[in-house]
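The two complexes that follow have chain A in common; it is paired with chain B in the first and with chain C in the second.
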Partner chain A sequence: MMNNEFKLPPKPKSNRKRVRNLIIALILVVIYYWAFSGVLSRIDWSFVNKLSDNLTRIVPRLANPDWAEIGKVTELIFETVFIAYAGTLIAAVLAVPFGFWAAGNMVKSPIWNTFGKWFLILDRTFPELILAIFFVISVGPGAFAGVLTIGLTSFGMLGKLYAEVIESIDMDVVEAMEANGANKVQILFYAIFPQVLPEFLSFALYRFEVDIRASTVLGLVGAGGIGTLIVLTAANRDWEQLGLIIISIIVVVMIIDYISTKIRKRLV
Partner chain B sequence: MMPQLQENKTDKVMTKNSVYSVYPKKVKFQITIIFAIVFSIYFYSLRETEADFLEFFSELNLIFEKLLRMFPPEWSYIQAAIDPLIETIQIAVVATTFSVLICIPMSLLSANTIVKNKYLYQTFRNIMNILRTMPDILLATIFVSFFGIGIVPGILALTIFSLGLLAKLLSETIETIDPRQMEAIRSTGGNIIQVIWYGVVPQVLPNFISYGLYVFELNVRASLVLGFVGAGGIGSIIDTQLNFMQYQKVMAVLILLLVAVIVIETISNALRRRVV
Partner chain C sequence: MITFNDVSLVYPNGTQGLKNINVEINEGEFVVIVGLSGAGKSTFIRSVNRMVTPTDGELLVNGENIIPKKGKELRKLRTSVGMIFQNYNLVNRSSVIKNTISGRLGHTGTIRSVFNLYPKADKKLAFENLKRVHMEEKIYNRADELSGGQQQRVSIARVLTQEPSIILADEPVASLDPPTSHQVMTYLRRVNKEDNITTIVNLHFIDMAMEYADRIIGMRDGEIVFDGLVNEVEEKTFEQIYNRPIREEDLRGSENDASASGE
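On to the complex of A and B.
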């Protein structure tokens, strides 16, 4: 008796929601069955026998980095960082006009504004490696192709983030300056930029962190950076040098992340 | 009337002669120095990367000519690319599932609202930070050397790569939730599992699903990289055709891949809008 009195009333259940959840669950089960059965049929299980052998052979050599190659490795890592830096800066500057184009409160015509948004979406859909292949074929292999790739891929993302920042500014300031008879350039410099610049810089720095990781991949297709060396080293089974590369990448990325996080905290 | 007009005139003269700025001098000085540093590094890195924009724009027609070697795409080659594409998507699904499952305990352990022991969550946080510094290509290369060529190293590389990202996003979300709901359950005598299930999960579930979809999209893109180092997926056939300079075949594969990426992102955006 006591128990019944304190029981909670049953939760209201709607049939539509239950059917919807059931359909979602069913689709998920089908996708998972398809993916896992596909993967299982593709796996070549012979690696199991070789695994322990490989581990005992490779891991000690990875843990014993070859410091004699430090000059070559640091040079390439710096090239990677410079690719990311130049690419991100191009994107950060180029994204400003496009950010204004895609911001709803800056463009009067909604159709024109939607075009700006679509343009940035189109740019974001291209995976980095696809663009890198285009650029390597057109401007030839080398770090310049990497710079163009990083610049073009980051620009779509930064443009979208910038547009969101611009949309969130206080328009009263703009209106006040318009009422005082300020022209467009004055409004841009005294009403809009002070509100958005710290966040623009913060996003650009964040994108720089992402781009350092991205530009390590570019070497795969010949667009410069440390990626080429990683693949070559592994192909030559030079595990001592690969160990050195791993350590240097971790150290460099951590230092840059640390500095950039510190600056970003001060900016915003 | 007269005096007012005169006043207006003098006003205009005043503003024209004495230009003064809203920014204080110190801020202006700082900004100038920062911009000088930023651009000097920029020009240095342009020199290091041998980037020559003047040459780029003056030889634009030559560049387009080279790019035209990729056209028209050889559509018949798409048939050979379908199976690697399916493999790519399957790798991404499996890797995302693994990383989503592993990231739940990892992110709970590296959130300071759940784990009160400072050393414990700092340790897990540092592990996550080190994991995130590794680029996907490096992970794939290491795993290929351990497991040999095949899709197993690809799945492992993507799992670990997305695990670092997911655990960071999720643990940051867990740290910003409303702690009173957890406290309420704790004060009625709930154990740690009940606190997590009724106090944390309902608050983070929408974000969690959204992050999972985001990581899946990233994984589809990243699995393009895997094939280049022998870890399965569509990258391997692109690599081969690039080496044979079969640019028209490469173009066909790239278009197929782009369509697949767009379809997957459209679906996942539609799902995300429902959830969040």
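On to the complex of A and C.
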């Protein structure tokens, strides 16, 4: 009985909010209309006919991998994983000092701290392939260019994540260490590292998962790994071999994701 | 011996933390500071180890004015003044023994402490102090596996390992239940008597102040409004300090009240 009679107090209504929401809705409708009308007027409908033809011709061949090349593919997949591993390792170590630089509770001067944050943003703005091209030109094609690319792109993201971890620590512990006369280095090792290292490691592992996927495409521009082979087989229309490559990548990524998720669960 | 000569403290935002404090605390005394929150109790004790810096006056600790100290000098002062916190401030992920031995940091070289190379005597000291607070069976447990009372006992062991001449305790029992509070206060009291360590404790529970203190200092609005030995104190005194009648919440309750809920 009581339940039926109960009513929440009425929500305050404001005309300004209504007008604002109406305007937003109107603008969205206009944008959608404009976008779809553009697509529909320019679309070439003949692709639908080609689609079924392409699918019946290529997909069965992709699903029927050519196991003869398994040795070469395995070797290149290992190279890809190693590029990701070495790159992530560089990034995970390099990101530590930059993480501290960008953490608001570790740097006294706000201006200096903002520089740290900007530096990491700057690093994150470089697309992977552009950096890869840059390194292929400067150190020559091969796995080394790939390692450098992964290292440099991951470090910006890891630095930002590390900085956020550092900003979330319990500063009371730092205060306790200050109060017993510890110096800065001792505070770092006794109050800060125990709080942040497990999270650092967890983020580095997560980034390793991402980097494996990233390093499979680095070969497109000659930075080592399986990517080069992908380009070649696709250009030769060797769909059986491409199928093998795709399946191998999926298997390896799944295995590594599974292991790293298990480890990360135990870390934190 | 701690001497406040006309000490004032104004925070950068303009709040007056301390107003012309003049007080002397003798060696080996157990002083309890009472007052409502915001009365300046915390500011008072945090001035003694310079976690805050008074803006005016002279503050002598063991004969030296500590207000101008900085860097190495300041760290040296802090090694001789231990501090206990309301939230224990242990490193949750570190073991009890590692937390305890971190009391030695001020006495240990950087390299030695980073590589965990403490002299045998220091390790013994840490273990002995854990024994004193009856935590010797938990030394390899992580700090976050312990109850609040146990964590506060570890933090007492950490302070003792520092071998201080003064212990400051900032609301050490505010987060604990009555029986555990009495236990922690009993340890503090025992350490004060056995080792002759000057102890200053902030409390807002009147009954606990009466039970454990030698001397009570009452603060209101950054000023000392009462200073006397515990036998001079009556209920009226607290009403003067608090500037209002005493309420239920100002009392912690006796040790036996809730002893069933002990650890």
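Here is the rule we use: the second predicted complex is superposed on the first by the 219 of 268 C-alpha atoms of A that agree within 3 Å, B and C clash if a C-alpha of one lies under 4 Å from a C-alpha of the other, contacts with A are read in each partner's own complex, and residues count from 1 in each chain.
Just so we're on the same page, a residue touches a chain if its C-beta (ideal position, glycine included) is under 8 Å from a C-beta of that chain, and two chains touch if they have at least 3 such contacts.
Please read these numbers as outputs of a predicted model, since none were measured by experiment.
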Which superposed partner A:103 touches (first chain B, second chain C, both, neither): neither
Chain B versus chain C as contact partner of A:198, first or second or both or neither: second
Which superposed partner A:76 touches (first chain B, second chain C, both, neither): neither
First, second, both or neither for A:239, with chain B first and chain C second: first
Which superposed partner A:190 touches (first chain B, second chain C, both, neither): both
Chain B versus chain C, judged by how many residues of chain A each one touches: B
Touched partner set for A:177, first chain B, second chain C, both or neither: second
On chain A, positions contacted by chain B and by chain C: 190
Residues of chain A defined as touching chain B within the complex: 31-32, 34-36, 38-39, 42-44, 46-47, 50-51, 54-55, 58, 62, 78-79, 81-83, 85-86, 89, 125-130, 133-134, 137-139, 142-144, 146-147, 190, 213-214, 216-217, 219-221, 224, 227, 230-231, 234, 237, 239, 242, 245-246, 249-250, 253-254, 257
Touch list for chain A against partner chain C, complex: 170, 172-173, 175-183, 185-186, 189-191, 194-195, 198
For the chain C and chain A complex, residues of the former touching the latter: 49, 51, 75-79, 81-83, 85, 87, 89-94, 98, 102-103, 105-108, 110, 113-114, 155, 158-159, 162
Complex contacts: residues of chain B adjacent to chain A: 22, 38, 41-42, 44-46, 48-52, 56, 63-64, 66-67, 69-70, 86-87, 89-91, 93-94, 97, 129-130, 133-138, 141-142, 144-148, 150-152, 155, 221, 224-225, 228-229, 232, 235, 238-239, 242, 247, 250, 254, 257-258, 261-262, 265
